[in-house]
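One chain, chain A, links the two complexes that follow: it is found with chain B in the first and with chain C in the second.
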Partner chain A sequence: MTIFRFVLKRFLRRPANIILVTLVPMAVVFIPVSGWFPLPMGFQYFGMALMFIAARMAAIVMEDRIKGTLLRVGLAPVRHSQYLWQNLGAYALILVGLSGIIVTMGTAVHGSMLAAPGLLFLVFSCFSITSLGFSLAWYSLFRNREGAVATITGVIPLMMMLGGMIWPVQAMPALFRRLAMLLPTYWLAEGLLSTAHGAGLMGLATPLVVMLLYSAAFVLLGSMRRLT
Partner chain B sequence: MAHRWRQLDPRTSTTIWQVTGLLLLTLLWLSGPGRVAGVVLLLLLTIMALARWRFSLPAWTVLLDQLFCLGTVPFWPGAVYGLGLPLFEAVRGGRAWLFIPGLLGCIYFQSSLPLVVVLLQAALSGWVIRAWAEEAGVYRDEADRQRRERYELESLREELLTANVQIARMAELAERNRIAQDLHDNVGHELTGAVLALQAFEKLRQESDPLADEMLEHTKERLTSSARQLREAAHGIKPVVPVGIERFEEICRSFTACPLELHVFGATSDLPAYLWSVLEACLREGLTNVVRHSQARQVDVFLDVNPFLVRLCVQNDGEAAGKAKDGVGLRNLRQRARSVGGSISVDDTNGFRLVCVLPLERRDRLGDTREDEA
Partner chain C sequence: MVIARMADIVKRYGTHLVLDNVSIEMGKGEIVGLLGPNGAGKTTLLFALTGLIGVDSGEIELFGRPLGDNTLETKRRIGFVTQEVSVFQDLTARENLEFFGGIYGLRGPGLKQRVQHALEIVGLAKYANRLPAKFSGGMSRRLNIACALVHAPEFLIMDEPTVGVDPQSRRHILETVRELNRQGTTVLYTTHYMEEVQAIASRVIILDQGHVIAEGTISDLVEQIRHEERIRLEVVDVTEPLLQNLRKLEGVKGVVVEDRIVRITTQVGFGNLDRVLAAASEAGGVLSINAERPTLEDVFLTLTGKQLRDGGEE
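The block that comes next holds the complex of A and B.
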């Protein structure tokens, strides 16, 4: 677990990362309920924050590739899979921990308006892993870090909009409504809405399973060992 | 663009086919009534395709793909077209019989003409890519075999060249040993006898012995015999064919394509025979290139020998000889020069210049036994 500990330390020793994982997400907790979304509005934006944080984390993996760290890891008695899983594990731990903190704080701030905080935590945890996998897969398609970061910064808000996290999917044309179902953000919105409408764990099974399937697909795509 | 087409291999084609298949299935889902079940099926098929792309999955895993498709058909009838993917994989893997459950499912659920066309196309694509992969494998193996044989031949050639140099050195030492033995056994004995006779003559002359004149005659005979034996030995040693610098000069004289000037610096007599063979080959190659590839008006040959190395430079003022730079002749020369620790370089910036540099081994390192014998 040396890599796991190192990844945690490396991420948390940068002040910019601390701000990214604490101040920005925690700020969304205090946004009140408004508009069509039955949950406090901040929880809509927390999904987007999770995706951006995951993108920042996966960018570090890409930096390892560009700076030649992966090449040195290849020469060390460590398998690529160990390196990858310990990286993803450490980042997933941060994101899941952050989801727990946000849901706890949300419960404290909004009280009973936040229905089933445990299920909310489950939905956000699954989406954290999906976001991490998505970012990893996205970066694996690029050789240039700047290009990858620039495009993913534009793609995440688009996914949130198309997925029904900014406005309801019912407001979009029929074709877009169908297309939205192919995005992981749609299933996050679906999970959050189901939770808000009082669906139990069984009601959440479909969004959770689909998000986990997306995670598996993204990680498989992003785990290809590339040294350059 | 042509370069990109050359990079298209069976593996890439398989990926392209699978991605296209999944995209078409997605379009079918977008145009039909299927909802969550379709998304789950698409994700499962994508995961299976990615897993096959990343890892070497066993052939039986196509049964899982078929299970996913057939399980989704009750919720989304279009899922039956997804069976094209496992069929493609089964045929590509050479185990078409693994598609029997899918085939039975097709017959049970829906056997429309479009489905038959899709399945036939999938099977045909899988078969073509499989045959392509097999053919590519055969050619790759053949290329590997030829490359390995070529490396072995080049290695053998280098070993032979090295052995040639060693044999030349051994022959030189053996010949030197034979000459020393010859001089010792014949001329040496005669000269020793002459010296002893001279000493006896000196003593007899001091004593005014009448045998002194006879002894002097005897000494003269011995010295005459020694001179004759020495002359015969020298004739026996000298080769009939000229070697060394004489051979060099002869090659230069026989070159008539254009004026040639030979410049020699240093003591060429110190060069061992095995280096002369390399230098001669370089000279011949340089002059042949002049005749074949350039329109030279003047050729200069420089042979510079110093205590540590010998440098041969054949240069002409003709046009640059592009073909001569990487021909078989030069490659062979490079190998020969390498076998004696030297190098060959060419320069075509101003005319054409062939430079051969060979290191000289010091005589004391070569195993010269003259000092030991002394």
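The block that comes next holds the complex of A and C.
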């Protein structure tokens, strides 16, 4: 578990990362219910925050590839899959832990407005892993860190908007509604809305399974690029 | 005992043939210098040897076993100093070594001891708790080497480990290589610096355009060109007519220019020292002229037609 341990150490050593995983998501907890979304608005933004944090985490993997440290790991008696899983495992631990803290704090702040906090936690946890996979896959398409980071910063809000996290998908034209289903953010919105409307675990099965399938596909795509 | 063997290795990138039937062998305890100009295929050869890239054909054996048999166990016995400094900038020198020692399976007091030993070998013990970002180029290079040494490999591969370092760090690195070799480590060392190979290597392999063009001890290789001599001419101004006249002289095999110095490789027995002087005097402004004893650099020049460093000019 050397890689896992050092991934946590490296991520938490950077002050900007500490701010990102504490202050920013925690601030969203205090945003009240407003508009069409049946949950406190902060929970919409928390989805976006998760994607940005995941993007920052996966950027470290990309940095290792570009700077050649991944090459050195490739020469060591460690399989690429081990390296990748320990990285993703450490980052997933942070994001899932953060989801737990946010849902707990949300329950304390909003009380009964948050129906089924356990299910909310489950939805955010699944989306955390999807976000990590998405970022990894995104970065694998680029050789240049700046380009990858700049584009993903623009793509995340776009995915949020088109996926129904900022406004309802029903407000969009029919073609966009169909295309929205291709985005993982659509399934996050589905999961959150279903939870807010009282769906049980079975009612969440579709969004959760789709998000996990997306995660598997993204991680597979992201792991194809190894050293170059 | 043979540590590494490559037989008839062919490697292509698309249509570009990078390694063309390369065969090399390394015995335990050797320091082998791998020389070649840019693009000769040195790094590709090292990557192929370690299994980092596949080859199109040929056989590779490490520690007497085909590459691919128990790869993880084989990797454990190899250290690789990468050409670029590839350490984590956000971990201290000690943490970098703990990380790389950890992924090679070292744990607990054994790991701590090896980390301290590696830091001492490369002379960074005093700076163990500093981030590499605060290091000079030479210190970063030494940390890069320490990361490859921390697990005490039997076979150390060094891909141009001294590029861009100050003379003091270079001396330290070369001394480190000698010391490791004295302790039993087999070393494959690639470099652009001929004097480094002359200082440490027990055997030299010269690679050019994907071919092994010469192999042997330095004295063996120099012996191969005993029928040649080298004239070093320093002039005020190197002009094209002068170079043309020099190239036309009977017995001249190569003319290389380096600032105001012209190096002429010529066959022995043509009396070319006088003729070169005459041609240069005619062109005006001879500062000095002398015949040099053949060196490894001359061997390289003769065999490849290129100077090793900075590409050279034929």
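Note that the second predicted complex is superposed on the first by the 227 of 228 C-alpha atoms of A that agree within 3 Å, B and C clash if a C-alpha of one lies under 4 Å from a C-alpha of the other, contacts with A are read in each partner's own complex, and residues count from 1 in each chain.
What we mean here is this: a contact is a pair of C-beta atoms (placed from the backbone, for glycine too) under 8 Å apart; a residue touches a chain by one contact, two chains touch by 3 or more.
This structure is a prediction, so every number in the text was calculated from the model and none was measured.
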item	value
Superposition on chain A - do chain B and chain C clash or fit	clash
Chain B versus chain C as contact partner of A:F6, first or second or both or neither	second
Partner chain in contact with A:R177 - chain B first, chain C second, else both or neither	neither
Residue contacts on chain A - larger count, chain B or chain C	C
Which of chain B and chain C A:A217 touches, first, second, both or neither	first
Partner chain(s) touched by A:H80 [first = chain B, second = chain C, both, neither]	neither
Which of chain B and chain C A:R145 touches, first, second, both or neither	neither
Chain C collision site on chain B, chosen from 110-118, 254-262, 308-316 or 362-370, when both complexes are overlaid on chain A	308-316
Intersection of chain A interface sets (partners chain B, chain C)	none
Chain C residues touching chain A - in the complex, by the definition given at the top	50, 52, 71-73, 75-76, 78, 80, 82, 84-91, 95, 99-100, 102-105, 147-148
Chain A - residues contacting chain B, complex	175, 178-179, 181-182, 206, 209-210, 213-214, 216-217, 220-221, 223-224
Complex contact set, residues of chain B against chain A	26, 29-30, 35-36, 39-40, 42-44, 46-47, 50-51, 53-54
Contact footprint of chain C on chain A as seen in their complex	2-3, 5-6, 9-10, 13-14, 64, 67-69, 71-79, 227
